[in-house]
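Please find the structures below.
One chain, subunit A, appears in both complexes that follow, with subunit B as partner in the first and subunit C in the second.
== the complex of A and B ==
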């Protein structure tokens, strides 16, 4: 597949047998091995795979911005007909100024903290020689194009004064200002809230349609890629293992890695009591490892002798490119973890292990009170998981910290453990109470002491929380290590020698050292790849079934929340807007906020549901809207009553409560109609909206 | 920003207050009767008591402290035990000497150090970087008396380009004074260069690796524009703070250099006062150095907040 051909139209991007190596420890280690693909003009191409597969390296090579130790060891990159590797400095600069742009994760870091947005945006026009007077006008136009509210004032602001979603809009505005042929998006919505992510993805779709830009879309999120891309390539260990039309490839994958990756995701309303999630055994080969056969052979249940000795070619299999000796067998890939589970459902008649009544937290900032959590009451049964969902700033973390005693709640609220009042501050809790309520953090890297070995980290927790000593301690240590599926070899290692998933297992072992009653899981899998996430979710479900522990599970990933939670509480501006059994919350009828949240999530399973877009940003807790706090963004707002009176939490069916002025029957009718019309009109949100209006 | 600076100003006053307490009470803990020390072992006990009374050291401690600090803020630093003359007569010229030397050293080493660090960072892990880092480290490792004497020998004695004494003739103009200060400033520059260059290099490397630098490069800006507009400003923020913390050393810690070049600065004043148990003089000098330090830190904060919009915008948040 050579990139230069007689054809009249050059592809927007063409990689031809591209190999890249990073030099570490005095040796070149291959991170990309003969990767070839083509992106046609106007096409959106997705690149997926777990971290370490080389996705970002592809992007950085295309714009020739490899790190200092990176080098191209073979092949070529043609961008819009130009060989990127052969350009001199000035030509490369021109290429970057005019023909290719890149947007990446974490827009807060991508913008210069000490220059105004307007200045940074104007520079984009400066490099292509726009007159100084005109730059500002064009910059303002661009901000309007990315639909930023009040663009005039945004121009004068600094990046840290904007929300994450707005920062990413600014970054997209900069990227598209000179109408490049090629836009590279490297995890552009990772780390953004679901509602913000949906808006940013819509924006990209619209601008792409308007400008005809080709897109290379890199993401670990298969659902997002499915929504955005025409074709998709799957990278594994620096090799392209499968490529084809997105819908076909993700719908009926032909490479065992793609199959396994998709199986790791909780899909179609799968729950912990239905089946265990499938996982991928083993680990990604380290960069530069010798590769005598198929890179995936070590982890593939279908691999045979041929797979281990002979690297398969990327061959055509039913209109798809697949790098496998046996592309027809992939669908029969056996599960790597048994599906059977028998977790007991929490007994609903049991006394709650944790009961929270009227808990509030008011912070003060510059003399203004900020209500981070307002009047939250909930209870948790033994062995039950309560999922907490809501956008950032909704008070999830503050609530969790109050449960742990890390944040002192306002006077008036109470927390009860097993019917006995629990002191608000961690310092006032007795040892029994401290070990009863534990936490697993999002980032195991910063939660574990880097200079201690695993045995010492877990052993210390067993001593401090469990009170074990001597032989008893080492017996307990072995049992706990086995329970979290670590092996004795891991005990001598330090956290830096472990992968992310193994580190999270150590963190989980630590929190379980004192046989806790309640474990708060604060985004425990957000920093992990899907295959590792699946294994951790299985572990959490298993530990719960065995030990009857209750979880407060915080996650922005609704699929994950649905998998693990028995009940779900939806928070908005510190208030519970809806709470009920997991299935009821996902099936509806819902509070309008929940409805919007659910519809914002891209889904692999079904064709796009019609989507509800929330206008504007989540308001500041310092200055919440009057009446119902959701009224200024609510698509189903009734009118004056919503602005004047905060609706109370009402029970609309047993155990399912929410906070809305619209009667449950009306909501149910409205929401059923929206879903029905979505099926009729298909995936176009505009058409669906018009259809709904016409009714 | 004003709130940020007001808070910093308040911190400075707290620091100075604590420093004054420490200085004062540590002076009290030191053994020895003041009048006895002054009058010698053979003086009459009555005379000792009388002198103690006259000096006020027989009053309660907090009264002594209150009087001392009250007079100090009014510019009256008290009397030297040894010379029996107002301390201000010694401290003011010494301070002016110290400030002049510090200023010369500072004006040379800060731009030089930053330049060295930036050049090193732009050539990271290449020979230029290694040479700058190694040179900075070696210079910092050499004591001032070695570099000072080398300077005197080479530039002063052999080549005869520069005067070997920092003390200029009475009534000398600014240029002559500067001429006399070049040689003594060299050891100070050598000591600080490596330190500042190292900080600047680290800040630069971090800024060069940052995502916003990548954004700027991928926009198609010229390398020079990327460095000047996007990298330098963010890279040098930590260096500014570090530079400020060196002023204490530059003003009060230069005993060796002052002795070597026969220069009457605060450093030698404080050394002589300590040797002679001239406590009022000692206390005044330490407090003066503390004030200089606090002012420098405050200036660094002002500069920092001007460069850093996050602090400048704090109030509007």
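== the complex of A and C ==
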């Protein structure tokens, strides 16, 4: 794997036995251990793994941009035939200016907030050495290249005046301005909505075809990597554990870690009443931990004595590189958690636990009313999960906060709990009502008081919500801690001493302290790695089965929503566009917005539908389009009626309602045809689109 | 998911202590401050001469082998007077700062947590107060209330309180938006619990830094008040007072009667400020 060869086939990037350590607490801790891989010219290489496995360190080392406490302890990096480690300061600057570019996760932070987009782009050309007169023209060209419709006006704007998707396009434009041989993308779509993510990924695919740039694509999202990359490397605890062609590696993985990682994802319409998700027990070894054997041995159900004492080599196994002593056994990896679930209860005939009618929320910003939630009515049965999906700004969180009493709704709407009206404000609700509706927040770092120990956080909730005291309290505390699979050792720790998944368990324990009827889960797994996410989803499903609690489950991850939800409501600009049983919403016929949302999500299963792309931005809630709020982006817009009349919510089939002027039968026909043509033409979206147009 | 192996090896507190002991400014500042604290506590046993004994025959003697810092107009040993001169300052200034911190913290928590009209009114009042020079305000108050150490403590404490309140308020404003505050509301905790049990422990670092900065100012203010005659009274060896009684001698060339007291004040203020700077660095890592 040495990075030398005939210069004709010089790879774009080659890492040879690269080792990197970070110095913390007076000790060097290894974060990369002899990582070797090669990216050929024009190739897209994906690097996947959970947080803390060293993905970003690879990117930073490639351009020698390690933090001050980081040092390269061995190996070499060849970028475009140049040994990056041996460059002097000026040569390194030249390399960064001309041959390699990076795009980071958060475009809002990557762009300078006090310079216009045009100025920032011109700066890139200045560094490359373009004459002043030409810079603006080149900048305009670049913005056109990243499919910005109105580059002239975008040039004059500041980053905060652009949406997240537009900002990321500008960041990509800046990265490509110097026509780099190597483009490093570090989680480029992680903070973006599914529809925007789809557009950015399409853009990267198109640009790659046009410019022939090599790409190092770093992501925790296996489906995104599967869509974007030719080859993929799986990183675990700073070691490359598997590498091969993307389709083969993710389709039939040979390293137990890759196998386990893929099993953590809810796939192919898997639901909570079919089977529990598989999880990976234990934790990633901490950086710098001594590693006598295979880094995954501690968590691997197949590991034996040899795995614990002897580090396996990255060896060739049927055309793929696998770092495992037993690559042929991986497929037989036993589940680490039992799959069986209690049989699904018959559909409950009980009265709804929560009923919301005509709930709206209007904020006022500088005198302009902003309707964050408009006229939402829904109900929730005992033991049922209602999934709320929609892009950011669709009013999901505002709706949830109104249910909790944290946000005061507009007058006129009502919330009923067990048939009795529930006061709008938290202050007017009685103790029973307050403890009946609880929440698991998205970000446990914000939701848990960082100066309180776990015992205090959960104990206080039991005391206030459950009314327990003394010995009773400590018995309940032990029971609750066990129910969320924490151990008594955790009780004395503070949140900062826990991993993300453990923190979220503490938050879940807290919300269950007073035996709630309804728990709002606001993106409870979006900050977690997939293996941890699977464990949390299992826990939520288990608690629901045992305690008959109802969930309002908010998530942007449709796979997760599908796994946990019985019914799904799709929100757009504060309005329910479609609501119905989970299976029906996923199978269709759908509202055109749901259809677009579903098709935007990259899928690991290769049966890719032809894609629908939404044009334009999500309109501002301050100034929603006339008529149907979706009309300006709707791919199936009928005509004038959509612009003048807001369609009412109509029942497409029993229990499945949607808000569209197109009759259900027509929608069903159109959508069936789209799916059929996608199957005929295969997975090429371009051909499928042409095929459909031809018809 | 049962082991704790992934827990961070050291707690935040240990990290902060480690950072403090690696911080040059904290160590230097702390050395200076501790030096004066030792002088204040044990100065009486360390001095070569009794600081109050007059020796008119040796009045206004320049620094020499017998009197390293020279003698003042009554022949008292200046070195001895500088050593014990920190005592009152180091009682009055910290007490004033503690009072200011307590007032400022409570006020800041209330206006930051409740916002609204109270916040608008109190914040404007604080701004108006900050526009007035605090020594002048203190002077007027002391004239009205009479000179005593208690008055000095109360006057300086109350005049620095609002400054600390502003810092606390801004810290509370970002804390109150965090979800743990919403979670406390969803347990029906009252406002006092949320402010003092939930929010306060999380804003201690900025409060600590702000108070240590204020301590430097308080030392300076107490010394200034002594200098203009509204603090301690003769024959106390207090630095500000000594400068006041001797500064007319400078024109006669008797520089040593003032210089060492002035250096002492400066070194203590610089020490406190370096300590504050070190704390700020360690707590904001």
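By our rule, the second predicted complex is superposed on the first by the 687 of 695 C-alpha atoms of A that agree within 3 Å, B and C clash if a C-alpha of one lies under 4 Å from a C-alpha of the other, contacts with A are read in each partner's own complex, and residues count from 1 in each chain.
Keep this in mind: a residue touches a chain if its C-beta (ideal position, glycine included) is under 8 Å from a C-beta of that chain, and two chains touch if they have at least 3 such contacts.
This is a predicted model, so every value here is computed, not measured.
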{"item": "Overlay on subunit A: subunit C relative to subunit B, clash or fit", "value": "clash"}
{"item": "First (subunit B), second (subunit C), both or neither touched by A:489", "value": "second"}
{"item": "Touched partner set for A:502, first subunit B, second subunit C, both or neither", "value": "second"}
{"item": "Touched partner set for A:37, first subunit B, second subunit C, both or neither", "value": "neither"}
{"item": "Per-residue touch tally on subunit A - higher for subunit B or for subunit C", "value": "C"}
{"item": "Partner chain in contact with A:586 - subunit B first, subunit C second, else both or neither", "value": "neither"}
{"item": "Partner chain in contact with A:406 - subunit B first, subunit C second, else both or neither", "value": "second"}
{"item": "First (subunit B), second (subunit C), both or neither touched by A:283", "value": "second"}
{"item": "Which superposed partner A:115 touches (first subunit B, second subunit C, both, neither)", "value": "first"}
{"item": "Partner chain in contact with A:123 - subunit B first, subunit C second, else both or neither", "value": "first"}
{"item": "Contacts of A:446 with subunit B and subunit C, given as first, second, both or neither", "value": "second"}
{"item": "Subunit B clash site on subunit C (candidates 110-118, 128-136, 146-154 or 200-208)", "value": "128-136"}
{"item": "Subunit A to subunit C touching residues, read off their complex", "value": "25, 281-284, 286, 404, 406, 426, 431, 434, 438-439, 441, 443, 446-452, 460-461, 464-465, 485-487, 489-490, 493-494, 496-499, 501-502, 505, 510, 535"}
{"item": "Residue ranges of subunit A in contact with subunit B within the complex", "value": "63, 65, 68, 89, 93-98, 100-102, 104, 106, 109-116, 123-124, 127-128, 158, 160-161, 171, 174, 366"}
{"item": "Subunit B residues within the subunit A interface of the complex", "value": "124-125, 210-212, 214-223, 225, 229-230, 233-234, 307-310, 313, 316-317"}
{"item": "Residues on subunit C engaged by subunit A in the complex (per definition of touch)", "value": "1-12, 18, 178-180, 182-183, 185-189, 198, 201-202"}
